[in-house]
Amino acid sequence: MATAAVVSGERESYLNAKYGLKSWLLTVDHKRIALLYLISITFFFFIGGFFALLIRLELLTPAGDLVQADVYNKLFTMHGLVMIFFFLIPAVPAVLGNFLIPLMIGAKDLAFPRINLLSWYLYMVGGTLMIYTILAGGVDTGWTFYTPLSTEFLNTNVISAALAAFVAGFSSILTGLNFIVTIHRMRAPGMTWNRLPLFVWAHYATSIIQILGTPVVAIAIVLVALERLLHLGIFNPALGGDPLLFQHLFWFYSHPAVYIMILPGMGIVSEIVCCFSRKRIFGYKAMALAVLGIAVIGFLVWAHHMFVAGISLYAALVFSLLTYFVGVPSAIKVFNWTATMYKGSITYQTPMLYAFAFIGLFTIGGLTGLFLASLGIDVHVTDTYFVVAHFHYVMVGGMVVAYLAGMHFWWPKISGRMYPEGWGKLAALLVFVGFNLTFFPQFVLGYMGMPRRYHAYPPEFQILNVLSTAGATILAVGYLLPMVYFLWSLRYGAIAPANPWGAAGLEWQTTSPPPEFNFENQPVVTWEAYNYDEIPEPEEVPVAH
Amino acid sequence: MANHFPNEAEATHDHISSVGSSVAIWLILLVFTGLTVGAAFIDLGPLNTVVALTIATIKATLVVLFFMHVKYTNEKLVPLVIVSAIFFLFLLLGLSMGDYATRVWR
Amino acid sequence: MFQHMPLWPDSASKMSGHVDELYIFMLLVTFAMTGLIFAGVTIFAVKFRKRKGRHAEQIEGSTLLELTWSVIPFGVMLIYFVWGAVIYFRERTPPQNTAEVYVVAKQWMWKLEHMEGQREINELHVPLGRDVKLIMTSQDVIHSFYIPAFRIKQDVLPGRYTTMWFHATKPGTYHLFCAEYCGTQHSGMIGSIVVMEDRDYMAWMSGSGSQPLAVTGEKLFSELGCVTCHRSDTQGRGPALAGVFGQPVLLEDGRTVTADENYVRESILEPAAKVVRGFKPVMPTFQGQVSDEQLNALVAYVKSLNQPQAAQGTVAAITRQP
Amino acid sequence: MHTSSTAVAENHAHDNPALLHHFSTEAQQRNAASLGMWVFLAQEVMFFGGMFCAYLVYRFKYPADFAAASKSIAILPGAVNTAVLICSSLTVVLAVRAAQLGKRKALVAWLLLTIFLGLVFLGIKGYEYHDKYVEHHIPGPSFHFDGDLIDHPGVPASQAHTQMYFSLYFAMTGMHALHMIIGVGIFAYLAWMAWRGKYGAEYYTPIENSGLYWHFVDIVWIYLFPLIYLIDRHK
């Protein structure tokens, strides 16, 4: 980061307000904490991605010949744990949310800056435990920690992995708490609820899930660890326990956790679609209500992960029906984004390309989710590659693509530099193509019946698996490129103006990068969100040379 | 409103509870504790659990309203937070138990 | 090309056709919806691209449109729900008079035992055109019995029975997978389901000299001393078991349970848990004294008591009834 | 709670040293701290909720064994502890009141009394845990439960299911006791700070928020007491 501070040294900003390692590690500035998160999250993303590549390489051939079965099991377990708890859940909220929410609502900082720093340290403690777990030989429970396998039948590092998830969970809870209080208490004069950017609404809904869902999985994970240590029997059928209780507690959080991952992404896409269409969002109220609706209804559907697990027939019917209710607000979001483009004045900058990709991939991810909500289909395709494909369409096609969209959109604000547009477009294309090639064949594999978490598989599944692995390599290049050109832009990128895209929103009214306390003068808001009719289009977006 | 920070004018902390009312609530809580212990020894059939939980809920409500000053707050948000916590707790308990209660084999 | 790269799984049971029909319906809807969105995004992106002299036209939204694209998808989703629920309901309610196979899963193999006493490992022979019910339990962790060609799957749990049933319609050999991650050799916990014409099946059946499961159970029943209390008259200290299976049982605490496989199993392992009204909870537990296979045999025996012929020890014949 | 306990003196021109730089008014800061605490408590509700859910499920599955196990627990220490906690809630209320009125010594005294009551609770809890140890009621290899089913004298309760009860007993009361210990620690810190005159009528947010936390812990016990001690006690 020293580079960034030196480079943009001429302009006063949060980056060069203070110097030295201490000024970063003990900072309470939400923008600096966001950068700390950005670095640590990127680190974990590439660790999780490395595991993913090894998984895909192993699956190139039907026989389990690259790694042993136990190693393979560790790979997919740690891929899941790292990606979910250390990338997907914190990524958008802790990096972009942290950086942008105070700016978007016209506040100097989050309500509790030191708790914000504590969140990052908790994340790092959890992350260290995760790294320890990996280095100490890994863990092979699957990220779901299903009992009694995790409690009685494995002798890998389950406890340290559980603790890692537990601590990271509290980091997430505190982030959510900070956002809720900030959005309620720190809005600038005139920033009423009806004027909040949808990005903020999305984070508000996300925070509700983080606060009310995470503790339940935390206690479930604690009980798993205790059960391993003391053999309490709470989830052990040999002692009268019910393994399905663990699944209930686990999915009570872990299904809504999917919405922790995707809702902030939806917030990003709303901002970007409006900006590059020069339009108000189509149906602001519906969009805001939809994210809240998804967050709340998301709590009612968890047992759809358990349709073949041995739950009651009636419970299965109820949870299946409730699951469809989530479909409605999701459909509204997709249609409204599309409708927002209608009669716009659309340009195709990199963030917008990612937003297009998001709309398409999220549509596929959402529609295939409806297959899984349907009991008769779910019985066949649950625990197969169909599920793997579905949730990667939502998590990677949705959330990661949205994250990249957001990183490109706000990179000028964060770093004060423009990234090279051509390379950006190329990376977006690679991500889109690579992603579809990786995961689309998995839908077919799933319906054919290839179970997930299989180290070796029958030969008739090979060709589709080869396609998938080929896609994964393209995807990997698509992910490495932005990493490279973002770093490059820190030194060589064109200096970003305050508002390179001509975007609405308070964050664009301060300098790029913003000063330490965000605004020179306390902003007072007198306009609705996305007032693109009042904002001139940018003359020329500065490009890197 | 437009030129003020949200909630700037509202102050939630101005209530100072009187010693008398606090002691009164304290006494009621002790009495209810005695009641619940006493009721536990009387056979009311399935009502025993209902009575015990009702008394617990009354006690908890008293603590929330008076000791935690919720009764005196002019802030609508705090009750909303409490209600949503209880609502989601009941979702967890209710929907999980819904599965157990309707299984053919329990 | 498609010989080496099939894109559609075998369809070999009564249920698989129904699942495929719903799946195809959903695929069509999905293609239509995805096409709509992709077309919308593409057309708008091209038609309304930035041009000199043209400005974006601000639109606040339209409640009518929003209602349309909430209500119509929801209607379609309700079709998904009802259709899927009907299939699921049929999958979860086995018909009467099925052939029964007891399944014991353990890391990392499937142990299967037919009513007639034949035992198999990782391979299950079943007759064509007959209803077959699997009564499954696990010795260790959660497994999942998955036959893609039949489109059915059911988790197999330790400490209780789960059941599933199917009706094979096409002779052949099909994959059997463990679908719930169960430890190191999870992907090795595979096998095959061999669907045979009735004649071949009978021949295969008679090939081994094993005795019917219920007969094994009957022997165990007397060896373990069950017979001293559970006498066939009503004078025993325990309830008489003839005709009990599948019937509702009134319990001491006023509840009523159905005497299914799980109830019989629990009554052997946890006798005090659900005591029949009119009896004292005096039965000792057999936890740790009987294996899962022996439990299966006992359950099969208790079931066989529902049939009048059972007394003559001709249980094997019963299961062959169509 | 953490943020407001000390002031960062940089870059603000406010008069009150307790007002942090990113807030514009004291009311805004207090409202934020209060809301933060309530949201934190909502999180706590769900944290305990997971265990309550487990309790509910197993009590539903094994009512007779749970009743037998519950009856083996002496009711008196539990009832006394309930009373002790209720008393400590009162002392917390009075501590907050003393802070609001700016009475430093009274504030310190009430806080110390609260700490004392908290320690009494933990002491009694420890005594009960010791009882369980002596009776071999601690889940694990040495666990042994002698009691009979209440409705059927002479018929022993299930070892596995009574152990389940005690597993939940220790998980729930243990997690509650951990919260008590944290609470006592916080109050010890606050008492020290109060003695140094840190809090007064102008600024008492930490006292108030810690009080909320303490009352919440009290409420958890108000539910744990009947659920653990009083099930089918009449039989």
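Here the chain labels run A, B, C and D in written order, and each chain numbers its own residues starting at 1.
Here is the rule we use: a residue touches a chain if its C-beta (ideal position, glycine included) is under 8 Å from a C-beta of that chain, and two chains touch if they have at least 3 such contacts.
Bear in mind that the values here come from a model prediction, so they are computed numbers and not experimental data.
A comparison of the A-D and C-D interfaces places the larger number of contacting C-beta pairs at A-D.
Chain A has the Cα centre that lies closest to the mean of all protein Cα atoms in view.
Chain centres here are Cα means. That of chain C falls 45 Å from that of chain D.
Between the Cα centres of chain A and chain B there is a gap of 36 Å.
In chain B, the positions touching at least two other chains are 5, 7, 77, 84-85, 88, 92, 96, 100-101, 104, 106.
Counting partners per residue, chain A has 184-186, 212, 216, 238, 244-245, 248-249, 252, 313 as the residues that reach two or more other chains. Across the assembly, chain C contributes 160 as residues in contact with two or more other chains. The touching residues of chain B, when paired with chain D in their complex, are 5, 7-13, 16-17, 19, 22-23, 25-26, 29-30, 33, 36-37, 40-44, 48-49, 52-53, 55-56, 59-60, 63-64, 67-68, 75, 77-78, 81-82, 84-86, 88-89, 92-93, 96-97, 100-101, 106.
Of all residues in chain A, those touching chain D in their complex are 28, 107-115, 118, 173, 177-178, 180-182, 184-186, 211-216, 218-220, 223, 226, 230-234, 238-242, 245, 248-249, 252, 516-517, 522.
Of all residues in chain C, those touching chain D in their complex are 252-253, 270, 272-273, 275, 280-282, 285.
Those residues of chain A that touch chain B in the shared complex are 184-192, 208, 212, 216, 244-245, 248-249, 252, 299-300, 302-303, 311-315, 318-319, 524, 526.
Interface residues of chain D, counted against chain B in their complex, comprise 24-25, 27-28, 30-31, 34-35, 38-39, 41-42, 45-46, 49-50, 52-53, 56-57, 60-61, 75, 79, 82-83, 86-87, 89-90, 92-94, 96-97, 100-101, 204-205, 208, 211-212, 215, 218-219, 222-223, 225-227, 229-235.
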